[in-house]
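The next part holds the structures, each set out as structure tokens.
Below, subunit A partners subunit B and then partners subunit C, in two separate complexes.
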Partner chain A sequence: MNENVNENVNDCDVIVVGGGPAGSCAAIVAARAGLSVVLLERGPFPGSKNMYGGVVYPRILDELIPNWWEEAPIQRWVTRRSTMLLTDTQALTVDFRTEAWGKAPYNGATAYRPDFDHWLASHAEAAGAQLLTSTTVTGLLRDDKGVVVGVTTDRPDGDLRARVVIACDGVNSFLAKQAGLYTHTDVKHFTLGVKETLALPKEVIDERFGVRGREGVDIEIIGCTGGVNGGGFVYTNLDTVAVGVVLKIAKLAGQALRPEQIIATLKAHPAIAPLIEGGEVKEYSAHVIPEAGLAMMPKMISDGMLVAGDAAALCLAAGIWLEGVNFAMASGMYAGEAAVEAVRAGDVSAQGLRGYQRRLSDTFVLQDHRKLRRAPELVLSDRVQHLYPQMVANVVERMFRIDNPQPKPGLRRILKQERKRAGIRRRDLIRDGLTGFRSYG
Partner chain B sequence: MTLGNFLETMETAEFRVHPEAHIVVDGAICADCTTRECVVACPANLFVPTSAGGIVFNYEQCFECGTCYLVCTQAGAITWNYPAGGHGVVFHRT
Partner chain C sequence: MSSANRTTEVVVCLKWVFQADEPSDARFAGMSPADHAALELALQWATHIGGQVTAITVGPAQADAVLREALACGATRAVRIDTANGVSSADVASAIASVARHAAWVWCGDYSIDNGSGSVPGYLAAALQASQALGVLGVTFESGSIVATRRVDGGRREVLDVQAPAVISVEGATARLRRASLTAMRAAASAPIEVVAPSIVMRTSEHIAHTYRPRARALASPTGAEALDRVRSLTAAGTSSAAHEVETLEPADAAARIVQTLREWGYL
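This part shows the complex of A and B:
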């Protein structure tokens, strides 16, 4: 060994891998506490590799960036939320709107991830973190006891050493896998999100979606993905509309329709087509989502290393709640806090870093996931996906259909008939209802 | 959607292509695969069956999403890495 190289010399206190929402929040917290932080991003700028459906809930930033809404690069404030159930020819929508979400302190917003993530990373830099872009991390550096002591990168002489490595390297997290924190990877835990961003004049969007100024609409859709289990979405940006689908990968692979064909079917649906008519594709994009919540989460702490964000499968896919960026930002913050504690105490072992686990357990990050642990499977189940939408749509159609001179049939009778017609067993309906009630109630 | 339309759609995304492929597919292994999940699932439609019975992968317009290695059932068929720093897909800022 070269005697000039001292194994104990670190390049910095904390290396954060990945300049997404988790990584930037970890870097902000650690840098503000006075630690030396290097934030590594493989794209040419933070956010350049990142894609999602389109809505972010930044409440968790209140502490980190007070009045974030005055500066965050958002597109529109979501003041209208619709949940839509589609069959080939029918649509049932539950539509909610409130003025409250259109003013401070706001609730959710549509935003482009390259804008939002770039903005958040600028706060990490302002806090003193050193941002290195166009740098792909190729693996972990570990000492002879297996403790993580840094990373290797694709830069010349690109090894970097630190006391703590925080892996925020996204859904594929090769670092968490290399550290042995995932016991296995199962395709059934993942969905593929694909979307088209369609350009339309702002006035046209305002008129079609019934909004003004910076008000925006979030439409979540079930029953629009053909034989593939999943869901769809339509989100309004300022002068584009994002339309896309989330598809269970294992189901997608076993049938004939490709992702872009499933989007095309959704776009052609009579309830969706008028909203997006004339929209030119500005950008097509795709990303994988860790969908299974608690069922797929890895260990998030090892000696010298923490895992946060999508890398730790901290994405909430619970049907009526579809969140990810807020879980990423929170877990990143807590990882940053735990790293600060550990470095100050001089103990960066898994034991010294255990403050991360406590913070995740004490907050919405793991509490929402525990409460909703059965929801992802229920939402993507065959009955919810392929049988219930048709049954519900038929019930509503018959309720509102005037069959004079026939008198109105009772709702109970319609329900029973439509349940039987859809081939749904009563006990399955009751069981799913109970699971839903336990999760959402 | 026709193939021509989809090729146009793919043109809307920006790719800073590195001369070296980040994902390598072993067509010989794919020749034994009967299910070919990757051909349907890749959101960029980059897995192309060949007349010789194998599969060719065009890495240039890859979203780096991971779908292909997740669905692949043939051990060793896909060697998956991220592109070199600064390369690959770049989603647009406004």
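This part shows the complex of A and C:
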């Protein structure tokens, strides 16, 4: 590795590593600008190795693929969005639906990633990028000054040289690590997402979830993750329902529980079981998620190299907002633009590539992460995970319980009693409330 | 293809097929394992005899994918005979034969994974008037000939000394296809593929697929004075049900005799 062969010969202008949403968007932008682009994918086709847990928000594609919604292989448009608080026996749901999200330009969609990513990569190919599949990048090629000048792959004669390498190689990015950009790799920053995809007839899904046609539902869940900090989700595809959990890895390792047991508990919950009853498991999948947001982000620029998507930990896990694919597409797009700028200016040093940082900072990509930098820790904290759901559910249960001939108790009294019963100190509650208000407000 | 290099002309026949459980999804389409093995052995054999490999497929434009894979692995020429999918085996073989008529060595997969019957290699050998080694489990390369071990009924093996011109069809486990180099893969993506129109009108197998039935046999009027005798002569009731004859003949005569008997029995 790292050997210098022939400094002046490039195989192409830009190498994009990884055919996920970030990589394909980077390749689309760079290829459309007339650069020669090679898009490397380790799977047999783009999307074959990819996984996500809910909703894709593709509006960022407006800039790349006008009227993308007419051709994108989506399953359902999410018109109903629920946030659910679960205890072992209770459920409190905030449920919202709007017709607006079921019409162009739409909002969020559920999709099968092998379809969605494959489709996005086909646009990169149409733009002129060369897609090479079943090819794993094994390392970086650097010149004697340490500048990244290409990649090594697992194929014979597999070195490939380019002016810019864009690493979109996903969470655990080996390239970002090898380049020395990724230092926050402590396990506490990561969660494990696991999900089952259950087949049910479309009419049954429509009926159980109260939707029609292409309308879909996304339910985000707090609680009921078997004592492991994390969250759950249920979302509808056309004729399958996905149900899964996101689990803090360190905590999961400490418990004698396997992730599929936690999914089984969630599936058996009285609020979830009727939705998925009779569903046949078609797929079980799992993936690591960079969960800590700003706190774990690597440096995204070095000489001859940019990092985008999950590889740059661009995944927003802020409880009520759970997004990743849109951040991947945006960062890929901006990385592509910065690479074009740098190649045209003839300066692919970190300085020449700084347009990437500017674009990230000026847009939602980093602004959302900055604003919500405290949210991931708050959402995954023990109180939010284990104490508040029980307290809130008990308060609501007592609010709506009619104990005649007893008169109704005052809400403040119930709140105080339940807070004490849950063992929550008043100042912690206020502090968490303020953190939440600062983050989300 | 001049006749000078005829003995070193190696052809591999590849079929672009869908996976059985993904019948129309091109993402999961490609060569079957047997075709992979055939390609690898064709490349090895060409190296052994100092020849070059031509990859041939019969199918629509999407089938170019298997030819590009072959080019990336080391084939030097790629020909696609342009047809829809689902052409009958006999017509596929005739079409390939018209392109590969000078080939000395033709390698095929044993059978494709989409309901393949393994009949194309047999038809192809007939059309090329080449010898055939079908359902081969393993090969040993000699100088100028191949020793092929073939699966036969009852778990037995047959060892054949294969001389050119020959059609060899191999099972998927005979060889593992090499991994294409990155440079070759990139070059193969834009390498030229010769697209030729089929030399004959191609029939899809749907047009000719039917259950085999022996043709009706013309019988003379039964003889016999009694009705019972006439019924007996019509149905052969009361005679031995196992009709067999044992004759010792030279191979050519034996084949002629078998055909004649099958005709008499109404199977041909």
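Throughout what follows, the second predicted complex is superposed on the first by the 434 of 441 C-alpha atoms of A that agree within 3 Å, B and C clash if a C-alpha of one lies under 4 Å from a C-alpha of the other, contacts with A are read in each partner's own complex, and residues count from 1 in each chain.
Keep this in mind: contacts are C-beta pairs under 8 Å (C-beta built on N, C-alpha and C of every residue); 3 or more make two chains touch, one makes a residue touch a chain.
Quick caveat, the model's predicted, so the values are computed rather than measured.
With subunit A as the common reference for superposition, the partners subunit B and subunit C occupy compatible, non-clashing space. Once the two complexes are laid over each other on the shared chain, residue contacts for A:285 go to subunit B alone; subunit C is not touched.
By the touch criterion defined above, A:38 reaches subunit C but does not reach subunit B.
By the touch criterion defined above, A:157 reaches subunit C but does not reach subunit B. Subunit A is touched at more residues by one of its partners, and among subunit B and subunit C that partner is B. If you stand at the C-alpha centre of subunit A, subunit B and subunit C are 60 degrees apart, rounded to the nearest 10.
After overlaying the two complexes on the shared chain, residue contacts for A:50 are found with subunit B alone; subunit C is out of touch. In the superposed pair of complexes, A:256 makes contact with subunit B only, with no contact to subunit C. After overlaying the two complexes on the shared chain, residue contacts for A:441 are found with neither subunit B nor subunit C. When the two complexes are overlaid on their common chain A, residue A:196 makes contact with subunit B while staying clear of subunit C. By the touch criterion defined above, A:114 lies against subunit B and subunit C together after alignment on the C-alpha atoms of chain A.
By the touch criterion stated above, A:135 is placed in contact with subunit B and with subunit C alike.
After superposing the two complexes on chain A, the shortest C-alpha to C-alpha distance between subunit B and subunit C comes to 8 Å. Residues 44-45, 48, 114, 118, 135, 153, 155 of subunit A lie in contact with subunit B in one complex and with subunit C in the other.
On subunit B, the positions that touch subunit A within their shared complex are 1, 6, 8-10, 12-13, 16, 35, 37-38, 40-41, 43-45, 63-67, 70-71, 81-86, 88-94. In the complex of the two chains, the subunit A residues touching subunit B come out as 42-45, 47-51, 73, 112-115, 118, 133-136, 138, 153-155, 171-172, 185, 187, 190, 192, 194, 196, 249-250, 252-261, 264, 281-288.
Residues 27, 179-186, 189 of subunit C touch subunit A in their complex. Within the complex formed with subunit C, the residues of subunit A that make contact are 11, 38, 44-45, 48, 114, 118, 130, 132, 135, 153, 155-160.
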